[in-house]
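Both complexes below contain subunit A, partnered by subunit B and then by subunit C.
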Partner chain A sequence: MTNWIVLPTILPLLLGSILLVWRTPSVQRRWASALTFIGLIAVSKCLLWKTLSEKILILPMGGWKAPFGIFLSLDTLGAIMVTLALGVSLAALVYGFAQQSIEDEHPMRIPLIFFLVAGINLSFTTGDFFNLFVAFEIMLISSYSILTLEIKEKDVRHALPYLAINLIGSALFLCAGGIFYALFGSLNFADIAQLSAGYANDPRLIVASLMLVLIFGLKAGFFPLYYWMPNSYPSLPTPLAAIFAGLLTKVGIYVIIRIFVTVLPHTLLAPHQFILILAVPTMIIGILSALTQRTIRGVLCFNLVSHIGFMMVGIGILTEQSIAASIFYMMHHVLVIASLFLITGVVYRISGTDELESGGNIWKKAPWVGVLFLVQALALTGIPPLSGFWGKAMILQSAIEGSHWILVGSIVIASVLTLLSMIRIWFAFFWRDNPSTTLNLEGTGWKWMSLSAFALVLCTLVIGFAANPYIRLAQQASSSLFDRDLTINKVLSSPDIKSQSVHSESNGGHH
Partner chain B sequence: MTTITILIVGVLFSTSVYLILQRNIIPILFGFSLLNHAANIFLLAVSGDPTGKKAPIVTLLGESYVDPLPQALLLTAIVIGFGVTAYLIVLLYRIYLSHSSTNIEDIYND
Partner chain C sequence: MIDTRVKSPILAFFIRYIFFFITIFAVYIFLKGHNAPGGGFIAGIIFAISLVILNMALSADEMKQILHYDPLQIATTGLFIAYGTAIAPVFFGYPFMLHKMIHLHVPLLGNLHVGTPVLLDFGVFLVVVGVTTKMTFTFSHSSDSDINTLAQDESGLSNTNEEPVVAPTNEQATTE
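Moving on to the complex of A and B:
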């Protein structure tokens, strides 16, 4: 069963390749891709259940002994993220099926989604720094292609800033990998964790760790590094924008949690304080920018930036409780932001615009879309008993325990302003009568679209109303991240298959 | 030897930053290409001073050889760099086709 770790990466790659050859979009092709996702979700559920008892699952590729070969490892946090990634992708995929008829579907869309998901899942399961780089590149190259796949000819220019910033990020990532190898002579996470204990005050490690904050902050959208995001995301088709917004930023956050909690020494203060300092402007400036936006997607993109700040608070404080808070908040946020993007697509379909000025009337004509939006908007704001409340309460609790009063203030202000920005959308599109707007409710496409958005809404409702098991799951994930000795022992003492055969071969050579 | 490598990396990084900040997409293309090389040579420098060391082929004679791992990483990074550069060239070409200009200001004010 441990070998199953490789499935969330291999199967999407395999199916993506098959779909490259099986080019013509058809109903069978759609079923094949949706069923693959459903199967993978079942696999990831099994893996998640398995990690709860075994803490960490390890798969040495090719049987090479620990620090030498490439390693896949999956702990509870990784399994949670893999499940979420697959779930959100499935919802977005089905949503795309409802949105587009088979004749309109671009033959490359589904294969590219599979490659993107393979890259995302590989970065959640890798136990090795360089493999992480490769996973990021698979993910990024697919995302570049998706970004320009169905774009209008005039908008191709909006892909350039995204590409440019990620190319710089990749070059820095490679250099950071080099510094780690020069310092420790190893790129295996568990090996570095063991070796780095005495390096907390080493300026080289501090520089390398700040570089990591920069690189992954770029992907996650930390304060001065997020300007590319609101420009590139809105040019995507809705289901793909949901995958990008829900998952790609969270991969950045996940890697920061992985590296700063399980790999680098906790006594390394500079990067943690740096993250805490950046969290305040990320929350406040992000949400203030959301208030100035004129389109729904603009508001949502800046809300996304602002809420990344909440997760940064949990990471910066770095106690077992605060990391659990960040993990829980991440679970909630992936689902909420992805479903809000999907609902935006429904709103766009029935009112033909996503400008706040020209919308209206939806509450009268299609109240169920309004209910979906309202539930998610309130969950994003953090109204009890919806999922956002528990996450925010946990983060606030950790901030209060650490007496970080500026952070406490920023969280409260950002939450209130989130509500304000959501009310603006609610008022502009749902509540008010706008005689100049006519809604187009013909066809059943938008109903099916709302249905797949509803699946994600249902997930957030479950997380909100039955919060206890999910909070415990986040706490368990966090505590196994903090249990470093177990991880190190398990990885470095894994069965040694290859070196025995090498020994016997070299003995044979001597005779 | 290491000093020379460090100097090369420094020159490559600064040149690429200069080129990326230009207002024309052709220098930007070369800037990113150079940035890729700068990072690759940085990774090569990690394997240490190669003077007097053999290529990493184990012969059981106990000769010292250079650390092969950074070179393996480098190969992967070069291949990925190829792919991304190819994509970048096509993207810039499409931008040029749709705006018939190579100047960033013209393209974004269009």
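Moving on to the complex of A and C:
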């Protein structure tokens, strides 16, 4: 049973490799990839269900005993993220099928999505610092390829900042790993958690932890480091942009939660204060930039940056309640931002543009697309009873309890401005009559596209209207993150399966 | 098509012999792995270097004859070998990636410790060789303006409405 947690990583890798051989795009190839995702979602649901009773599932790879071997470990937060990652990828994949005919499909697109998902899932299931680095590399190398795969030649320069900044990030990541190894002589999360308790005031650990904020802030898009994101994401095809926007930034947030809540001592205050200080400009400058954008995708990218700030608030405050708030907000945000990107693709398909100046008329001709957009825009803003409201309410509550009044003010301002930026899109593309815009409603492709966007919209509606079980899920995930002794005990006392196998081998008479 | 390959007859003569030395060294490094520095990855890089050097002296057609398989095929074969050895223990109820060592006593050679990690390493070796040669060969075909070979390289890997990127030939470069 323990082997199950490797499945969300190994199966995408395996299928990606099979599709490298089975190169010609065809209907069967599309079915095979979609069915794999559906199967994986079922597996991840089972894993999530299992983590609720067992708190943490571990797999000692190769049977090596902790802390020497490499461990995979999955707790509730990891299982939630794996499920979300697979769900969003499935929606984007199906959306891509509807958007492109088989003749136009790039043969490398689906394999690369699988490799990307494998990297993402590995970073959610890893219990080891170096393996996390490997997961990030799998993810990043696939993302570099995806970014430049179907790009127009003149847009290749937009991929350069992404590549450059992530290479710097990877190098720093390796350096931070080196510092950790030098300090603790171990890279296993549980082992570091046990050893680091006395190091809270050690300047070396403070420097290393600030480096980690920098590295994962780079991936997540913290305030001064988000520069690459709004440049590179809009040049992607919409389904891939949805995966990037929905998942890649959240991997950064996830790792920050993982490391600062379960690995490093909570008395280490510098990184949390640093995150709180960065959260304010991330929220405010992000959303102000969104208001100046002229394309839908630009507005959405900066909204993404701004809303990363909300999750940072929860992480920075660091109470069980605030981490639960961040986790719930992350669940909501993955679905909302991915589906908004997908809806943008539908809008682009029927009106032939995503410039705010030249859009219009959609509400009259295709009201359902308008409804989808409106629901998600209001959910993103946080209008009750949609999903964003609960997340923001929880984050606000923990900010008020900690009397962080500047944060409370910025959260409210950023939310109001989010509404404003969404209204700009709504007015420009859906509501107003623009005689110079003609809509192209021929074909059924865009209907299927909106249907797969609708699947994600439905998920956010469920999270919004039946919020209670999901809030409880987030709280449970957060409380198992705070239960550090359980994790440490479970990982470090795992049986040494290797010695058993050597024993049976000597009985078998191989000598 | 212009020939940008090395024209030195001395290099062309010696490369064929250097190739064997590098390859033997690669095999040595490969077998040395597991308990000492070495193993599939670095041996793969070394072997790929020998192929890249060979590619400097020989033409694209000759290289294709020598390699016999498409580099990408080599890489995917390696991937599946590696996956197979990693997943196999799962079916026997052991943890993922468990390895098994066999200790043999062979006359003349002494004690041999052979295990499944060799298979995994061999998979890694093939992946590294395949990917490295694929990249360098494609670049070299591109800088040779060898559009036919390049089209073959990219067949199945690029969109049908994409065109292979080649360096401008001398005549084009002068007219532009």
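A few notes on this one:
Basically, the second predicted complex is superposed on the first by the 498 of 511 C-alpha atoms of A that agree within 3 Å, B and C clash if a C-alpha of one lies under 4 Å from a C-alpha of the other, contacts with A are read in each partner's own complex, and residues count from 1 in each chain.
Following the convention adopted for this analysis, a contact is a pair of C-beta atoms (placed from the backbone, for glycine too) under 8 Å apart; a residue touches a chain by one contact, two chains touch by 3 or more.
It should be emphasised that the depicted structure is a prediction, and the values quoted were computed from it without experimental measurement.
Using the contact criterion defined above for the overlaid structures, shared-chain residue A:Ala164 touches subunit B, although it does not reach subunit C.
Once the two complexes are overlaid on the shared chain, A:Val156 sits against subunit B while remaining clear of subunit C.
With both structures placed on the common chain, the touch criterion links A:Leu441 to neither subunit B nor subunit C. Once the two complexes are laid over each other on the shared chain, residue contacts for A:Ala42 go to neither subunit B nor subunit C. In the superposition on chain A, A:Cys175 makes contact with subunit B only, not with subunit C. Of the two partner chains, subunit C is the only one touched by A:Leu13; subunit B is not. Residues 72-73, 76, 79-80, 83, 86-87, 90, 94-103, 156-161 of subunit C are the ones that touch subunit A when the two sit in their complex. Those residues of subunit B that touch subunit A in the shared complex are 20, 28, 32, 35-36, 38-40, 42-43, 45-46, 60, 69-70, 73, 76-77, 80, 83-84, 87-88, 91-92, 94-95, 98-99, 107-108, 110. In the complex of the two chains, the subunit A residues touching subunit B come out as 130, 133-134, 137, 141, 144-145, 148, 153-154, 156-157, 159-160, 163-164, 167-168, 170-172, 174-175, 177-179, 181-182, 187, 506, 509.
On subunit A, the positions that touch subunit C within their shared complex are 2-3, 6, 10, 13-14, 17, 20-21, 23-24, 59-63, 103-108, 150, 497-498, 501-502, 505, 510-511.
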